[in-house]
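Note sheet for the following structure.
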Amino acid sequence: MTVTSAPVADTADDGTAVVRRRFSSASFNWRGLVFVVALVALIELLTMTVVNSIYVPRPSQIAEAFVAEIGRGEMLSGIGGTLLAYAQGLAIATVLGVILGAALGAFQPAYNTFRIVIEFLRPLPSVALIPFSILLLGVGPTTTVAMIVYASFWPILFNTYYGVRDVNDVAVDTARIFGLSRLAVFFRVQIPSAAVNIAAGIRISAAIALILVITVEILTRSGGLGYYIIRMQVAIRTEDMYAGILLVGIIGYVINLAMAGLERRLVFWNGDIRTNGGSR
Amino acid sequence: ACGGGSGGGGGIEESEDGTTKITIATVGSDSGSQAFYADKQGFFEDEGLDVEVKIVANVPELAAAVESGDAEFALTSPTSVTSASVAGIDFQIVAGGAIYTQDNPGVWVMLPEDSDVTSIEQLEGRSLAVNALNTMPHLSTLATLEDAGADISKVNVVTLDFTQVGQAFESGQVDAATVTAPFNYQIEADGLGSTLLAPYDAVNAGEDFYNTIWFGSEEVVDANPEAVEKFRAALKAANAWANDPANEEERKSILQEYTSLTDETLATMQLLQFGDEVTEDMVQPTIDIMERFGVIPEPVEAASVIAE
Amino acid sequence: MKATAIDRDVERGKGHSVTDGERILQVDGLRKRYAPDAPLVCDGLEFDVKEGEFVAIIGPSGCGKSTLLRMLSGILAPTSGQVRLRGQLVNSPPPEMALVFQDYTRSLYPWLTVEKNVRFPLARRRDIAAADKTSRVAEAIATVGLSGFEKYHPGQLSGGMQQRVAIARALAFQPEILLLDEPFASVDALTKEGLEDTLLGIRDRLGDSGNTMLMVTHDIDEAIYLADRIVVLSKPPCVVAEELIVDIDRPRSQVETRSHPEFLRIRALVHDIMGLTDQRHGSH
Amino acid sequence: MKATAIDRDVERGKGHSVTDGERILQVDGLRKRYAPDAPLVCDGLEFDVKEGEFVAIIGPSGCGKSTLLRMLSGILAPTSGQVRLRGQLVNSPPPEMALVFQDYTRSLYPWLTVEKNVRFPLARRRDIAAADKTSRVAEAIATVGLSGFEKYHPGQLSGGMQQRVAIARALAFQPEILLLDEPFASVDALTKEGLEDTLLGIRDRLGDSGNTMLMVTHDIDEAIYLADRIVVLSKPPCVVAEELIVDIDRPRSQVETRSHPEFLRIRALVHDIMGLTDQRHGSH
Amino acid sequence: MRSTMHRVVPWALPVLILVLWEVGGRVSSSIYLPPLSKVMTVFAQDWLFDHTVSDLLPSLQRFAIGYLVGALLGIVIGLSIGTSRRVAEYTGPTLEFMRSLPAVAVMPVAVLLFGLGDGMRISIIAFGVLFPVLVNTVSGVRSCSQERIDVARSYGLSRPAIIRRVILPSAVPMISAGLRIGLPIALIMMVVSELIGGQNGIGFYLTQAQSVFNIAGMFTALIILGVVGNVINTVYTRIEARQLHWAKNL
């Protein structure tokens, strides 16, 4: 869902135009801004006229509250802890997910052994597991991190599993022919082949992890931006609550932008090279 | 850490400078605010306690925090201590929290602004929102309804977080709701609803009872009588300070620090009163009402959940 | 060497003698650069194709033949210059054209069976009756010798078989202009002979006004055997190094044509030119 | 027809005259069926390869040549029968062997540059010094005429260039036994000549004890020019239809060898056999 | 012989875990780890068949509708974003923003739009499923090889035809992975959505059990979720194995 190459690209008059457009889209996306502005304006209009609820503040009010809260510092005070827990959780989930997913994908007996347990654990909502986690890890960042790992681990695991399992035979056989060990084939062929899938998995999880860190903070009141949001909700400061949510969305957007940039570098060969030619 | 309270161990350690370190868990609202005052006003320190105050959300998390030894004492309602006891978890009440009094009930049944309901039995056949089933707000409302002659099986009870009630009233999704402070003030101020009655009146025939209490696991409580004493003493001092109308302004400013309530909300809010001694007759009514509506299968003696 | 150079000039003159009306394709100053900082691949290609003509394109590996075909077929935009089809600028794939890609593995659809792959371009065509489609597909599959493999998926076929599926797909489509990028590279000698004659058959059936074909090949004999004209590209950045008219009567036949004196003359000529054109590899 | 049949028998005798000690590869009753309900692809293949021998394998498209190479190299298990390398059963890829796949597009790693693709099989080898690796890689890339493209990714190369990267990779690896599956299919005539001579050079440098090579090709001239022996496979389910000894002196040269009487004799013979073997396509 | 092994092996680990659970529950005195047998007793009491009818079925219905709506939206939006740079540029930032919003943030809006009934719950499930499917769809579309698209273009297929007949099938393996990732997320969102304004459902049962320390009850709800997850997944894998055997040749 990154704003990058489109295989059936819009017709360009010549190759260079396409190239130029690629660059402009990488630097600044004016269209996206226009869309956002239009959408916000529409909501503003709707909240002023049709939707008249005190529980749905107007975008302008939220913006006002956002600026005020930034100034007051309260909203930002917990952000460090939130981001730290987020980063730790996502990092652990990525490492575990890639390693285990790849192992399961490369080694069918392993998948067979763990299949049922995995499928059993996967749909358990982390929300329901929080009490157990508190019991084991106490209230605080450890529980938050554990819950993030639990929720964001699965997409990475499964995308990696599929990517590694469906790697093309010729690529693997080539490496085997040259006498690479199973492990070397795994790291040097299967993992890079699956990189496209892994990247997509991480991108999904990057969002899930952010949702989770906020949700857990809300549910356990263990500080951070989530606690800010719930405190504002309980204090009936709706605008300020939405200001907090706006901040979450902005953080999510920035994270995604960074992820997409990273992905473009890591799996640069995916489609990009071909479309660089400027196909019409 | 799964074993009952093993994480906390039997003993609470005393540090080198003679202070006792404990962790307590409470909720971030007026009903759980004693700890904030004790902390801010130095009542814990006076007793030689070094207390870490954690804010935790709901009953399951509070219970888990105590069970795992993450916190020595925590605040909850008598109903959940009773439920835990029935489920075989040995929680003991160590100190009092917020008290219901007739002129300061803390919980109200509210109606949306344009409601044609004038008395509670008219809710028969309509929908009533409560924040959670089998809690005091829910059970007391049922008792009120039943006492008024309504058939409670015909009341459509839905669970709805307090924070959502205003929106539900605004869009006409429910016919009534049981609400705590400060939401009732806000709903009234916004002109979305009005107060019908206080359901807690039906719990103890209008007499005082505990709305919230402090508890710990039996193991910890039994093994650390001194720490329990110190904790009680500190809370007692905090209660005296908090219940004194002269300190209202200061109390509100501390409360605001923890809850982020706005000045306007605080101004309209009637602050809760706190109690020190936990007596059986201030706990038993809540247990009885639980039994009345079948939340617990058999009667429980209040004495069995109150620490010596 | 000099002599052949003169020879070539004379022949190039011939190549240009087509009148405007007969030209179906005009390639005009075509240049291509894949990225702003990449080297030039095609540096001003310039040639015409007559209606019904069979043109073979040869040139060293990596010189830009596939790039040229992609630009002709309108799927790749040239950096400058233009392709005209009956005078119209080509800037998107024209409906009367089909291209058989060099990379057959990737150009087949792995989720479709052989039969469905061949049927693929026809599926949406309203102007052809369903029964007609089915017979066209079956015929094309039979032509490339794959009858019996209709229900296979591409992944279950050998390289040469996959390549033949791609050819069958183009044949079933029956385009006015057929572009072929090394279509017989992975096919054995006999099958290749058969397919060459199939192409000639299609061309001859309709005479000069029939299908126009452009074929990239590395097999010089094949180029001469099939083509009316051979366009020789230089090493990259490629330009048209030579255009050679193959003045051998049709219908041609594998045995007779290949021993025709003109065939042998052109063969020697091309060998010479190729040696001249690509000096990295001297012939041993 | 009769006469050639006798000829062939005589030659087949020769093919089998190798003694046990010289045999490096033994193919013994190899059968392959891709799925239990799929038709048989190979039906009891049987032949030997001597140490240092150059064997060309030809046969109709889809007959099972790639399947055979995959079984020889130990990446595909035969349904029955066995492959022995110096008497050892081959059931996983032996370290002294390398295979250049027919499907070069997929056997190159798109995330690696040309240089890194070629270096790929060497990277883990402890027994070669880093400087040695670098020079081997550079040399292999130069041999296939791709100097200057070291930093390109496969997706940026033409088909023929990609195929040459795959060849360079195998050359840099310097295996004792090199299996090649239509390695020059997408390469132009000149480059091909150069690469053929490269292979011969490698083979001749070490004499009879040197590299053993097996090459699948569709180009009959190429097979004769390069090979010591040609194994002709029948149409599927394939068996060894013929084995022909190519008794032409080495070193060979493009010009002389191709006009050698023995070359022309075998050429005619193979053309004849191929026509007989695959009767679907009569030669025209 | 091999196929029986194939069938037995996956059950080895689960059985082992169940045995350990029973033993652990008996040895440990912790109220939070009731032995399996006790959980199964509660299971029989509660789920045969009172709560199955009153809680499980309504939950599953919401799950099914929400999942389908979310998956469909994800594929459609994913395809339009993946195939058109314009659409990607216009909607990208907005979607990236929305994707990071926790359910609590979406819930008030959902309540506003759909009320407290099933509509709200279904929309929340759909919201949860939408993004994983969407992200994977876009990735799948982007990894479709250019040759494959060019072939279709050279045969004069229209843009929508190319999307439907070339790009969509190419992206199917990735979409399928997305759908599979979305399955448990839908189950989770189902539970989360039942926490508010709930009158029935597994999530509702779960919170009730939690509030009265009915730990065995909590476990039965978790078991049900796990079993449902497994069943749905098995069905899904079967379909996938039958339809996607060509995926290796992409």
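Note that the chains take the letters A, B, C, D and E in the order they are written out, and that residue 1 is the start of every chain.
The rule is short, and it goes like this: a residue touches a chain if its C-beta (ideal position, glycine included) is under 8 Å from a C-beta of that chain, and two chains touch if they have at least 3 such contacts.
Please read these numbers as outputs of a predicted model, since none were measured by experiment.
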item: Path length in the contact graph (subunit A to subunit D, fewest steps); value: 1
item: Graph separation of subunit C and subunit E (steps between touching chains); value: 1
item: Most widely separated chain from subunit C, with each centre as the mean of CA atoms; value: B
item: Pair of chains whose C-beta contact count is the highest in the structure; value: A-E
item: Approximate Å spacing (C-alpha centroids) for the pair subunit A, subunit C; value: 47
item: Subunit B and subunit D: spacing of chain centres that average the CA atoms, whole Å; value: 83
item: Approximate Å spacing (C-alpha centroids) for the pair subunit A, subunit B; value: 38
item: Separation of subunit B from subunit E, taking each centre as the mean of its C-alpha atoms, in whole Å; value: 37
item: Where subunit C touches two or more other chains at once, by residue number; value: 34, 74-75, 92, 103, 106
item: For subunit E, residues that touch 2 or more chains besides their own; value: 32, 108, 112, 145, 150, 210, 247-250
item: Residues of subunit A touching at least two other chains; value: 53, 55, 131-132, 135, 168, 218, 230, 270, 274, 279
item: Touching residues on subunit C, where the partner in the complex is subunit D; value: 34, 58-67, 102-103, 105-106, 145, 156-161, 164, 182, 185-194, 197, 218-220, 253-255, 274-275, 278, 280-281, 283-284
item: Complex contacts: residues of subunit D adjacent to subunit A; value: 70, 73, 75, 92-95, 97-99, 101, 103, 106-107, 109-111, 120-121, 123-124, 153, 155-156, 169, 173
item: Residue numbers on subunit B that touch subunit E, as the complex places them; value: 2-4, 59-60, 63-64, 67, 80, 83-84, 86-89, 129, 132-135, 156-161, 164, 167-168, 171, 173-174, 295
item: Of all residues in subunit E, those that touch subunit B in their complex; value: 28-33, 108, 111-112, 115-116, 196-199, 204, 207-208, 210-215
item: Parts of subunit A lying in touch with subunit D, wherever the complex brings them together; value: 168, 170-171, 173-181, 184, 188-189, 192, 195, 267-270, 273-274
